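Have a look at the structure below, then the notes.
For clarity, chains are labelled A, B, C and D in written order, and residue numbers in each chain start from 1.
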Amino acid sequence: MGSTRESLAWNPGRETVHADEKTGEPEVFLEPLLWGLFSLGGFITAFLFPITVFLLFVAPVFGWWPTDPAAYATFAAHWQEPLVRLFFFALIGGSLFHGTHRLKFMLVDAGLRGPGIEAALDIILNAIAIVGTLGALYYAVRGWLFV
Amino acid sequence: MRELGGVVSALYGLIFLNLLRTLRAGESAYTAFVDTMRTPPVLYVNLVLFALLVWHAVTWFMLIGKAQPIQFTERPLPWKSVFGVNVLLWIGVSAAVVYLVFGGI
Amino acid sequence: MPKAYSPNSVPRFVERTAHDIVIVGGGAAGLRAAIAAAETDPDLSIAVVSKVYPMRSHTVSAEGGTAAVLRDYDSLELHALDTIKGSDFLADQDAVEFFVARCPKEIIQLEHWGCPWSRDPDGRVSQRAFGGMSVKRTVFAADKVGFHILHTLFQTSMKFENIHRFDEYFVTSLIVDGGACAGVTALDLRGGRMVGIGGKATILATGGCGRVYEFTTNGFIKTGDGMALAYRAGVPLKDMEMVQFHPTCLPGTGILITEAARGEGGYLINKDGERYMQRYLPSKMELGPRDILSRSMIQEMKAGRAFDGPYGQYLGLDLRHLGAATIDQKLPMVRELAEKYMGLDPIHEPIPVRPGQHYVMGGVSTNSTGETTLPGLYAVGETACVSINGANRLGSNSLSECLVFGEWCGLAAAQYAKQKAAYPRGTASREALRKEEARVFDGLMGRERGKETLAGVRVEMQQLMDRDVGIFREEAGLADACGKLAKLRDRFGSVGMADKDRVFNTEMTGVLELDFMLDVAASIAHSARNRRESRGAHSRTDFPNRDDANYLKHTLAYRADGAPRIDYVPVKITKWQPVERKY
Amino acid sequence: MAERDVVFRVKRYRPTSGSKPTYQEYRIPYRDDMVVLDGLNYIKDHVDPTLTYRWSCRMGICGSCGANVNGQPKLTCGTYIRDVHKGAVTIDPLANFPILKDLVVDFDDFLEKLASVTPYIVREEPGDLTKEFVQYPEDVEAYRQQSLCINCMLCYAACPVFGTSPEFVGPAASALALRYIRDTRDEGADQRLARLNTKAGVWECTFVGECSVVCPKNVDPAAAIQTLKVLATMRHMRRLLMPKAESR
């Protein structure tokens, strides 16, 4: 500014905005990861879930499917293939991260706002997702890599 | 409504987790769990959740059409054609799941 | 609920501030000057004062393009010749030579700032044909060139710490101190207070004054504020009688259909579907200069070969043969406007058009670097009359003028401000502030609502300008206009005000704008009456021929009691001797 | 054209009066080819000069005449009275913004957000001013849609997320950020994605999609924000896996 400016606090109410003002907002670390998992989970649930639920719980009840994929023998047999294990692991992990991320925004929209509550929600919901995914990993790997 | 579909998918995630747990636990636990899932009133809940799940899939395909219009083509594709492509893809993937995961018809 | 209304949401303001350069107007010219000054010296503090947010300035609705010599099939000589010939030899030829040499750099500078110019397949900026231009030299961005230039400049201006924007401040007067301009007094619309913005140098870039006419392509904000500000500070207005009428405007709304539609090959057809321009200008037809096209449209109407519609006679702009691809790719806004405001698709139907006021070649008299006779006061863009446009501007020269002279004027003002040691004395601005506060808040706002209304006086002025100072003029009509404008100035004295609220009082700004427009309209009418010849856009039925002997001169209108004092100053001729203007 | 009457129910707010905003009704004549802005101008000129609103170009390109018409954010210069004439035409100031007076709202907040996304070309070295950058038509096409934003604020008025949390960066500012990120001449993507990768940045958007519905220039800010989310996520992964790599 020119040195002999007459009045410096010229327009406190509406200081013109300049581009490289640091907005002071820190970059977030978790959110991009969670959103990545959320959209990956979204694709998984959209593409893979309906057919799976249909085969296991809906079709056999109404006789819309010749065999019963959920019968213990057939299911246990298929369960031996690593691909099936990987499939269910992806299903469970993807859906948990997708659902919990969406649930958080629904609860926030419903009014659970404020830094404290949102942080708590983050912890609880992500904990569920992580634990669930680890559980799925445990079952998927058990009996294949170790007894 | 659309948001509900996402939460339902998490619910099914837990159901399948339990399925694996009962599978691990042995035939009786597994069959008991599957039977409870298939008999009313749990069955009706199941059907409602299944409908929500399908609706979630449909809305997700619509969103893809709206979210990535210019990604691969020079001019943005109308979202309806992207939606159509996704549904075809969906049917293809479902068929693949039937054969690869559940061993065919 | 979001932070909604609350009485104390109106921010607190400070009365006076001072900057090195005060720029009035945030359009292409004002922003380009601000960036040029800010770039040369980061210590300079520049204030951009605008009565609307800068991205609302009327530059936004420019559609056609920006002329510049870029390719080897073109030459500066040719661009200068086209411009001077188009101006019917009233342009100052030294200014034109100065102008054409700098246009190319501005195109590339804008391109470097991100302006999305339309491109040829080889990746270079593409150019198209335009009225009066002998070769393709109009750079464009689809048909939203003004919009893209303005937003590029506005967003680029946010990069500079030393550009301070005063958004929605209405400048009411210039502060003159010791024979030099020392800033402006402005009504802060949101604070409802009169603020003094002092400055070592002041640049007027407020655009034209189209709203003195009723049927115009200009936006509501083009009320000639800058011209009136300079006029009242004793600076003459040059060539004000030179008002350009654009041939293709939508009847009723007056919305512009860009010349690019004809540049891309559109035809003008009359009631019988005939391309009537072959009878008026066989060589150029639809791509002739605007004054010739507008006059031929009026002649077609008088001859009864025009269509009839709810808003009077009109002719057809036929784009059907261009095909959907060209229209969507090169003229998307033309199609958008035709569909939205006329309810028809130009791919299948001709667009109704008729001539309407579009641009004012005249303006604040300046030399080729934008300086006026008042030290410290500069003017640039449509507000100014450097006079590269003379009696008729060629399409797409206006945006180039704003950029070239915007940059040049910004640099000149920065130089001037750096040499001037002290800031303007506080006493002058305090005294001017008090005078303006009394005039505006007590004087104008204090008036009770009489029989005269703001709209009544305004519409009468606009209609008489359309009728008597339009495309064809003659002595009786002009004399009548001068008389009526004087009476309107008196009746303006009893225009009362209903809105006594100081905050964001748009009735107040309407009254102030009408005050400015009455001055500018008077200067146009008197200048036109005194130029007894026909030249470029100024066409007198009683003096149909061009009279170089007596009128190869610029008109200067000085403010005086009653009627403006008219004077003349010779045109600077360098290389091109005036010849009969044939196409 | 048939001349009929219409009732304009306009929300009024006088800042110095201190009273809450209230509706005022005006009965005015209208023709089929009149837009809502023509109605407001008729009222201002002939009925009530104190009515305050912004407008300029009357051709849908300057972006100053936005208002909520029958609850929908619209440009009053592009909305025909015949299309919204259900008994009365209700006009409120744009939603989600503080009201200055009648239909005039304060959106300096948007200008702050626009400035914060570095809305200009960022380059290491400025490039030589004797020749233009080569940019092919398809390069221009990549950012053309986002470059059409006229800053009219209808998308902010329609966004429920902006309604509940005003610090959200919002649709238009994000679309303009994508406009510069996708411009082949720009090298400031990392800087912009860093700003958008914040709590009130793109992550607050739950893809409701209302902003794209009301946009008069179909800039499609909703799609822009999803694309920015993908870009921000990929940038985040790159920085995690290859901390030193400089992302374009």
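Here are some notes:
Here is the rule we use: a residue touches a chain if its C-beta (ideal position, glycine included) is under 8 Å from a C-beta of that chain, and two chains touch if they have at least 3 such contacts.
Worth saying up front: this structure is predicted, and the values here are computed from it rather than measured.
Of all the chains shown, the one with its CA centroid nearest the global CA centroid is D. The chain pair with more C-beta contacts between its two chains, of A-B and B-D, is A-B. Chain centres here are Cα means. That of chain A falls 15 Å from that of chain B. Between the CA-based centres of chain A and chain C the separation comes to 56 Å, rounded to the whole angstrom. Mean C-alpha position of chain B lies 62 Å from that of chain C. Chain D has its Cα centroid 37 Å from the Cα centroid of chain B.
Each of residues 108, 111, 114-115, 119-120, 164, 206, 230 in chain D touches at least two other chains. For chain C, residues touching at least two other chains, in rising order: 158-159, 167, 190. Annotation for chain B: residues 3 touch two or more other chains. Within the complex, the chain D residues that touch chain C are 1, 13-18, 20-21, 33, 44-46, 48-50, 52-64, 78, 96-101, 104, 106, 108, 111, 114-115, 119-121, 126-127, 129-137, 139-140, 143-144, 147-148, 150-151, 162-164, 166, 176, 180, 183, 185-186.
Residues of chain B that touch chain A in their complex: 3, 6-14, 16-17, 19-21, 23-24, 27, 30-31, 34, 37-38, 43, 46-47, 49-50, 53-54, 56-57, 60-61, 89-90, 93-94, 97-98, 100-103, 105. Those residues of chain D whose C-beta lies close enough to touch chain A in the complex are 108, 111-112, 114-116, 118-120, 160, 164-165, 194-195, 197-201, 203, 206, 229-230, 232-233, 235-237. Against chain B, the residues of chain D that register as touching in their complex are 138, 141-142, 145, 206-207, 209, 212, 220, 222-223, 226-227, 230. Here chain A touches chain B in the complex through residues 41-43, 45-58, 60-61, 66-67, 69-70, 72, 74-79, 83-84, 87-88, 91-96, 98-103, 105-106, 129, 132, 135-136, 139-140, 142-143, going by the rule given at the top.
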